[in-house]
Amino acid sequence: MPSIEGALLDFKRLDQLATGDTAIHHLDPRAKVLVTLVFIVSVISFGRYELTAMAPFFIFPVVMVALGNLPPLYIVKKIMLLCPFVLMVGVFNPIFDRTILVQFGPIGISGGWISFASIIARSALTVSVALILVGLTGFPAICWALERLGMPQAFAVQLVFLYRYIFVLTDEGARMARARELRSFGVKGLGMKAYGPLLGHLLLRTWSRAERIHMAMLTRGFTGEFHTRNEFRFGKREILFLLGWTAVFALLRLNNCSQLCGALFIRILP
Amino acid sequence: MHMADALLSPAVGGAMWAVSAGAIAFSSQKVRKELDDRKVPLMGVLGAFLFAAQMINFTIPATGSSGHLGGGLLLTILLGPHAAFLTIASVLVVQALFFADGGLLALGCNIFNMGFIPAFIVYPLIHKRIVGNEPSQARLAAATMLSAIIGLQLGPFGVVLETLFSGISSLPFSTFVLLMQPIHLAIGIIEGVVTVAVVSFVFKARPEILKGALEARPIGGQPVRNVVLTFLVAAFLAGGVVSWYASKNPDGLEWAITKVTGKADLEGSKQGLHGALAALQEATAFLPDYSFKKSAEPKEAAMPAGELKKDQARPQGEQKKDDGSKLGTSVSGLLGSLMVLVLAFLCGFLLKKRGQAV
Amino acid sequence: MSHHIVEVKDLHHVYPDGTVALDGVSFRITHGESVALIGANGAGKSTLMLHLNGYLTPSSGEVRIGDTPLTRSTLPEIRRTVGVVFQDPDDQLFMPTVYDDVAFGPLNQGLPGPEAEQRVMQALERVGAAHLRCKPPYRLSGGEKKRVAIATVLSMSPDILVMDEPTSGLDPYARRQLLALLSDFHHTKIFTSHDLDMVLELCDRTIVLHEGKIRADGPTRDIFRDDALLAQCRLERPFSMQGCPVCSQRS
């Protein structure tokens, strides 16, 4: 993570997107979570050399970004920061897999390059829909949806608490890091000697905070049970949304629409 | 070291999801049974602490590069296995959603590699054994160091196996292992040093925190070893069954669909939308060798999902079609991809335009 | 009405590490009083506060709220009666949205949905924060957080309000708003604070703690005129009672 403040701002921006006021934002979060999962499984289930068949799947993130009024450039920028691990592993495919699969006149393209491209496309698709899900739904609503879909309550509560205090604690951590930086005079980072106690202090402060929160919970009658409100309704729109997209994904998954389109185009061409 | 959706097959991803979800359900129940409602806010803020801690870097001596705490082991030492596992899993969920670390399907793998391994394998089998019942600072440090290193060898090894069984990457096993393990040995040592530093700081400042965690015994539970065994067996069963199906029915989704719809062969059926599309396809396919069945072939070869044998058989399959017809398919495919992409983005653009106009 | 009385009798508290935090504290606060607990850092204010709703149990002595002595069995009842607002609103606001947070107490009391909702909206309107109900706590300003934290306690309709450093960290405008809000409450109120001007404005009675003991207990104005007492307890007159430094230099 580059700078703490930068990462935090980015985080807050994504979080802010979920406060949008579009029809998609108002859908029951369960519908959005389920559609996202169906989408990911459909994309992942492609074989390693399938590239063209994946292209039509971009319709889903694009439509969601448009309907949800999300800033497209922001999402694209986030996708561009591809997971370095994926790149590292993917880049070996062209090296180890040199079987020529496609011939463009004199140029042969090896299976490795195709599968590498396919990995990139998968990454872009799966990463974008995860980001879009957060941007359209918001983290607490996703937790709520997951709990309704069978996630244990203890874990749901844990997610909600974690989310609430990420902002508080990263602020605290950033303050400590800043204080350290201001006194380390240009030396980048810091030595191990100061690092342990620094984190240790942060940890102890965190611990006391937990004790204070617990106190505040007890004074308001906490007995171990969390009561959540039911704000959403899984109505007709949700069923339509879920079934519609699932049908689209199934269709795209079973037919290579790119191939179809291309063939059609070539045929129309004189 | 996050595993990513892009490298996963549905079989492996699904199996790991099932195992991690099971472990979450199990731990949630345990944590509830402990009836220590202090842990509710504590787990939450410690998860947030992990976020903050991971953002603070330090300089690794003699290299000039910087590192940060991973924290899985630290949380386990502070909270005990069940609560720590839930906390780590929750951190990974947030990372998957907000920082695109890995992805949603890969969450199962990541929770297993970075949560299950330190909490349910390394901690009970190594850390607890060494520390014993009367923790001294030296014992604590040795146990922590060793656990960190072993944990960070097992985790990446999990990544290697998951990637290999998925069959999306072409990396051979030996190369991959040589690539991952030595780097993570270094990372493990650093993690160990940092964790020891933090643990001994806490040990000095507030010993009761550590003592409380070390003395905690799961109430009325079976020994952790059985739990681990159960989950490992479940993982292998799930993985085995799913990949058996996947290898028999190369395309997992198609298999699932035939199961669900009850149709033996979707491609053969000429009914409904699917049949109509196939007909349209045949009508439009003027390139001599282009056919839908042909395009299904690489799919079949490319879905080994745990079957390495299949992997070796692949090149022959490809060579068969390595002739003129290939050109036709690939040109139309690539052209079509471009068109579809342009169409998709145009669609989005228009929708957005309309949205703004309204 | 008898619920509104707080009585502390010979309260002692010794922490596990041997620190004596409270050493024989006794007082009685009656219905509708507004009382300040002041004292230097470490005088025992927070410890005393945590006894008032049973978070800490006394080493010896007794706390009574109304006619009810504070024991394990009366704890839920007492926690409903005594609302505590902590110093750092981030500790008090732990739910995803303001609404959820204010509803936390009423729902724990087992109130049915519509009634809980009514309570929540009343509490939020009381502190002028109804428009914030859908916001997550980390998007609130310091003053807003403070007011919402008060609402989380008001929604449980307590008879007694206990507040730790209500004005700390607020800008002058937010502080002024908060003072106006607090002076409107007709609950029995107990504040701990280093903001002595606030004490002067809101509280008729002041209790001065020093090293775990009560050094003085009386009308606020009298206590702030006793310079010897104030100096001894590491305190000083509120600024509004110090006279204007510019004017006094001229004369």
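Order as written gives the chain letters A, B and C; numbering starts at 1 within each chain.
The working rule: contacts are C-beta pairs under 8 Å (C-beta built on N, C-alpha and C of every residue); 3 or more make two chains touch, one makes a residue touch a chain.
Worth saying up front: this structure is predicted, and the values here are computed from it rather than measured.
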{"item": "Farthest chain (mean CA position) relative to chain A", "value": "C"}
{"item": "Top chain pair, ranked by number of contacting C-beta pairs", "value": "A-B"}
{"item": "Geometric centre: closest chain by C-alpha means", "value": "A"}
{"item": "Cα-centroid distance, chain A relative to chain B, in whole angstrom", "value": "14"}
{"item": "Geometric centre distance via CA averages, chain C-chain A, whole Å", "value": "43"}
{"item": "Where chain B and chain C are represented by their mean Cα positions, the distance between them in whole Å", "value": "49"}
{"item": "Per-residue multi-chain contacts in chain C, two or more chains", "value": "94"}
{"item": "Residues of chain A engaged with two or more neighbouring chains", "value": "15, 160-161, 163-165, 168, 209, 213, 217, 222-223"}
{"item": "Per-residue overlap in chain B, given as positions that touch at least 2 other chains", "value": "41, 44"}
{"item": "Partner chain C, residues of chain A touching it in the complex", "value": "15, 140, 160-161, 163-165, 167-168, 209, 212-213, 215-223, 225, 227-229"}
{"item": "Contact footprint of chain A on chain C as seen in their complex", "value": "50, 53, 55, 76, 79-80, 82-84, 86, 88, 90-92, 94-97, 100, 103-105, 107-109, 113, 136-138, 152-153, 156"}
